[in-house]
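One structure, pasted below without further comment.
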Amino acid sequence: MAVLVGEDTRVIVQGITGREGSFHTKLMLEYGTKIVAGVTPGKGGQEVHGVPVYDTMEEAVAEHPEANTSIIFVPARFASDAVYEAIDAGMKVVVVITEHIPVHETMKFVNYAKSKGTVIIGPNCPGIITPGAAKVGIMPGHIFKPGPVGIVSRSGTLTYEIAYSLTRAGIGQSTAIGIGGDPIVGLTFTEAMEYFEKDPQTKVLVLIGEIGGDMEERAAKMIEEGRFTKPVVAFIAGRTAPPGKRMGHAGAIIMMGTGSYQDKVKALEKAGVRVARIPQEIPKLVEEVL
Amino acid sequence: MAVLVGEDTRVIVQGITGREGSFHTKLMLEYGTKIVAGVTPGKGGQEVHGVPVYDTMEEAVAEHPEANTSIIFVPARFASDAVYEAIDAGMKVVVVITEHIPVHETMKFVNYAKSKGTVIIGPNCPGIITPGAAKVGIMPGHIFKPGPVGIVSRSGTLTYEIAYSLTRAGIGQSTAIGIGGDPIVGLTFTEAMEYFEKDPQTKVLVLIGEIGGDMEERAAKMIEEGRFTKPVVAFIAGRTAPPGKRMGHAGAIIMMGTGSYQDKVKALEKAGVRVARIPQEIPKLVEEVL
Amino acid sequence: MKLFEFEAKDILRKYGVEVPPGVVVGKTDDVEARIKEAGLEPPLVVKSQVLVAGRGKAGGIKLVNSVEEAVETAKRLFETPIKGLKPSYILIEKAIPHDVELYAAIVIDRSERKPVVLASRYGGMDIEEIAREKPESIVRQYIDPFVGLKGYQARLIGKKIGLTGKALASFAMFLQALYRAFVEYDAELAESNPLALVGDKVIPLDARIIVDDNALFKHPELRTARVEESGEYTEWEVKARKLGLAFVELDGDIGVIGNGAGLTMTTMDLVYEFGGRPANFLDIGGGASAELVKTAVGFLMEMPKVKKIFMNIFGGITRCDEVAKGIVKAIEELGGLKKPLVVRLSGTNEEEGRRILREHGLEAYTDPIEAVKRVISL
Amino acid sequence: MKLFEFEAKDILRKYGVEVPPGVVVGKTDDVEARIKEAGLEPPLVVKSQVLVAGRGKAGGIKLVNSVEEAVETAKRLFETPIKGLKPSYILIEKAIPHDVELYAAIVIDRSERKPVVLASRYGGMDIEEIAREKPESIVRQYIDPFVGLKGYQARLIGKKIGLTGKALASFAMFLQALYRAFVEYDAELAESNPLALVGDKVIPLDARIIVDDNALFKHPELRTARVEESGEYTEWEVKARKLGLAFVELDGDIGVIGNGAGLTMTTMDLVYEFGGRPANFLDIGGGASAELVKTAVGFLMEMPKVKKIFMNIFGGITRCDEVAKGIVKAIEELGGLKKPLVVRLSGTNEEEGRRILREHGLEAYTDPIEAVKRVISL
């Protein structure tokens, strides 16, 4: 068992002929992910690492009706269009790697996806991995191993950092989801937590947050209200970031009086979550609750 | 029993303070329709024929939570806004009397209503009446009487003509719905027929069509496929109208090779429907199948 | 309201579509100077700007090989009526050599209640002909009106009509511009036929946009004297439109007035059924004022081909007393009944309406069959 | 990107909003002539055009009673730094007497993933203050992004903040214009505070629009030299933005480079945790090229306050070999390491990255804790 992707995942790579799309198709295949097709408009008929390429999702799905998941490496200006195409082609999970998508566009396709029952992961995210079963993303596969810890994270590289420290400590992961660093994302902490709550393999959840927004506070509320019942360990990036400054393209910014490090830690601790001061403390905290 | 409106109908009149809104509120009240509130922005606090007026639907519904139906007499430029307000306020049935609403606006609010589970009747329609129970429209009430005949019609005045001829022949009606004459309407023939199919009171359906569009052909198909099982009698207006000319504001026009009188009659007769040559033949045809 | 070809092309050009270089000339223009000003080199196409279908077959489009020939042809076309009326404008365009003629249109689908894109590899003929001769060639794509036409859908449509590579990209961009015109101009129809495939790109050789009359208030720039210029309406239809009447001229002699398109059409049907010939369709619509009724009655009284008038009213939102008042006003203004008038009144405020008419010596019928028989017998 | 007050007001004016009559002056303008040209009569408000919050309290807004006083005040404000930087523009507006100051804003709600309209009867203060002091006064209305802000919603919001009659209608129209600006300019925030109630109508005394940087390509007219003029960034932040670097200046001495905002912030946190002080935040983002890495390293090497550099990379879409190549390029271009550089490399193509660095005499760390301790000890 796992969350959202697993043994049954069959992937279409949108933007497969691009530099990143092609490179990560290779890495995903090496990891064992079942990629059934790729799509790049105008490049239909080619192959990329043995994966057949189609011009449109409609054609790809017609030839590979078992496809249920797509991953998008399309440049920002065309990425939203690719998301609608994936949703309309009936994908259940769409992972949007692309960064710099205008937030109004994301807001719209996320609402559209919800109305169609599609789960969007991202944009501007590393993707999702169920170690040993399927990697639908750009994370280095070798730093993960199967096990009982679910990870949900707003930060890509911090996910790697923490997953790697867990793996080195001998603690494996059920599924790790990088939800993306943009102001609007398709899958929020609390939505991801609903999946982890139901997953029997997941025994502990590691929540990796950042300053800005109120997703961590909402996660804390969910735990406090008993809607998430498994032990949670957290790390929040940005303890020393100055307020009012935008940290990075992604827009980690403390605005409108909410989203400070202190608020988030306070809310999480009140809900019984143990919050690590540095990422390297996570394995120890996880061991204590496993 | 009846279709869409009946004893349980509680009406809010949007645009109640206008000339038509106020006049027809009076006639609906006289008919016995239970009107619980009216809405006109900026006129909250007044009364119209004893009906309390509110500035917004939200306020009207807060004071009258039993309201489930609205009827709109708002001028064309503001009518779409009123429709969204009615849908968002949770109305189950919204009757749009207003004519001259731009068709792109209608197309959008009809799709929006569908996503929210609201039934729109109209626009540019006479409304709906369940004789003896509720009149939510502008039809003269005295020409109807309760009975076994359902009426669904694209034309307002033809509905009156035919209902009146039925009533004079001693044949009453279950519910009469004027679906409106615009190119896009909220409730189509086939959708209305689904309600009539389920209504035990309705024994026969009178279908009043017009040239243009393909709603009559779709109704014929529904009957032929056995999805509507009650006897149907029809009249189609425009037998002698020249093709390619737009007959009236509403746009009864034969376009794109579909929607001619002959096509419609042929499709209906093929499905076993008896088609009257003039409206005055309808009572006789109904008697034959009752 | 139908836009002229040149107006539709101007809109598409504004949205980034490459259209054939051309110039629009009026009757009094120096056509030669205008052609030279515009830098147009022969061969040229001279196109009568009328709003009726089948313009090409009726001789309204001519290919010419010199500027002089273009000038002559324009002069001739200005004097050539197409289905009854002469053009006010002529469009002279560079002829675009091409191999393939595509078809592309966006209309509102009444059943799905969504925009639908129609496209075919086989343009040049009208859509009915395509539908008849190559029904499998018509690609249909429904569009969510809130989401709009997505790029991927435009490409999918292009692919399905056999385009690839750059031609496909050009077609997809064209469709998106056409969709934009469809939305921003509240169009009932936005169409290009033929849409030429010229090497790697598509160029609309013709373009049609029909704007929803109910949305004209959003587009004040479109309110022109088009009604007279269009070639779409007869002289009396033009007059009626200026008076705000929903009027269609027919070839009989019995003037028909009804309220509601359905009832008015049925009134025509009844006239035919009992052996008469309607001179027109005139729908006073819902909730007509006495003023509008007066205008309608007065209009038919003045129209020479109308020998007698049949007015068939079933009141709903229309009130019979208002109708009666309008009839009385018309009679008073005209100084008496110029032509026989038979009125049928039923519905809202019927009694009051009858009373008003009776006071002025007119007896209204209740039964439309009796009324129609009466008018035919007159 | 934050727009200047006068730019935001220009947009609202374009959408039909009445804004106070005013004129924007630059440093070299003849202020008196410009005021007279614009026909502005005292009393006037002279407003420093900087993009930092709390401009009023910092002395950037002055009410004056004569044109001379306005000229003097403008001169003085051009020389008055607000939170560190002097304005490039000054807006001089007619003072608008008013009794009530409202608050209205549209932002994107991260949790609902929809636009939300915020409004309050108690404008003038910042939204945090309103939230603290009159939390019940803030009205929130979520908007379906496909449907947009409907007129009825705008009226409902106005009603809930206590408006009625014509004032309510004026407010509703203002909100719809603000929403249009929010959508058409891809705004993260569109706000007016205070929004004055003047008799029966609302007039925005201030206006703020923040455009999504990711959507700037849609608005080429907004690509100005704003970065330097804004007063929002330090000298080195301006330089960094021109180089395309996501950089924030801090007050320590250890240069920090990371990939991804989360890891880079965590790297800062680690530096603090082990007793150091970061000089900056510099995120090379995902999939950085060797060229970008070279630029980033070179940039910190040149920045005087940076005494040593800590680079913390965990490769994913970013490849360690590209990073290593970039570091090597920077060293080569600078003719050797000017400042101590500690590199931590993990993840995609880690071994290849290490090999490249080793060839150039640099040993990369695997453990970030060891690396941070090392850099602090240098």
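In this document, chain identifiers A, B, C and D correspond to the written order of the chains, with residue numbering beginning at 1 in each.
By definition in this document, a residue touches a chain if its C-beta (ideal position, glycine included) is under 8 Å from a C-beta of that chain, and two chains touch if they have at least 3 such contacts.
It should be emphasised that the depicted structure is a prediction, and the values quoted were computed from it without experimental measurement.
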item	value
Set of chains whose contacts include both chain C and chain A	D
Rounded Å distance, chain A centre to chain D centre (Cα mean)	27
Rounded Å distance, chain B centre to chain D centre (Cα mean)	54
Multi-chain contact residues (two or more partners), chain A	108, 112
Contacts with 2+ other chains: residues of chain D	146-147
Arrangement of touching chains [line / ring / star / complete / other]	other
Touching pairs among all chains present in the structure	A-C, A-D, B-C, B-D, C-D
Residues of chain A that touch chain D when the two form their complex	20, 24, 27, 76-77, 97, 99-105, 107-108, 110-112, 124, 126, 138-140, 143, 153-158, 160-161, 164, 181, 183-184, 188, 208, 210-211, 213-215, 218, 235, 237-242, 244-250, 252, 256-257, 277-280
For the chain B and chain D complex, residues of the former touching the latter	41-42, 55-58, 78, 81-82, 84-85, 88, 108, 112
Interfacial residue positions of chain C with respect to chain D in the complex	146-147
Chain C residues touching chain A - in the complex, by the definition given at the top	147, 150-152, 155-156, 159, 164-165, 168-169
Touching residues on chain C, where the partner in the complex is chain B	53, 107-108, 110-111, 113-115, 127-128, 131-132, 144-146, 183, 186, 188, 212-215, 217-218, 246, 248, 250, 258-266, 268-273, 278, 281, 283, 285-287, 313-318, 346-348, 368-369
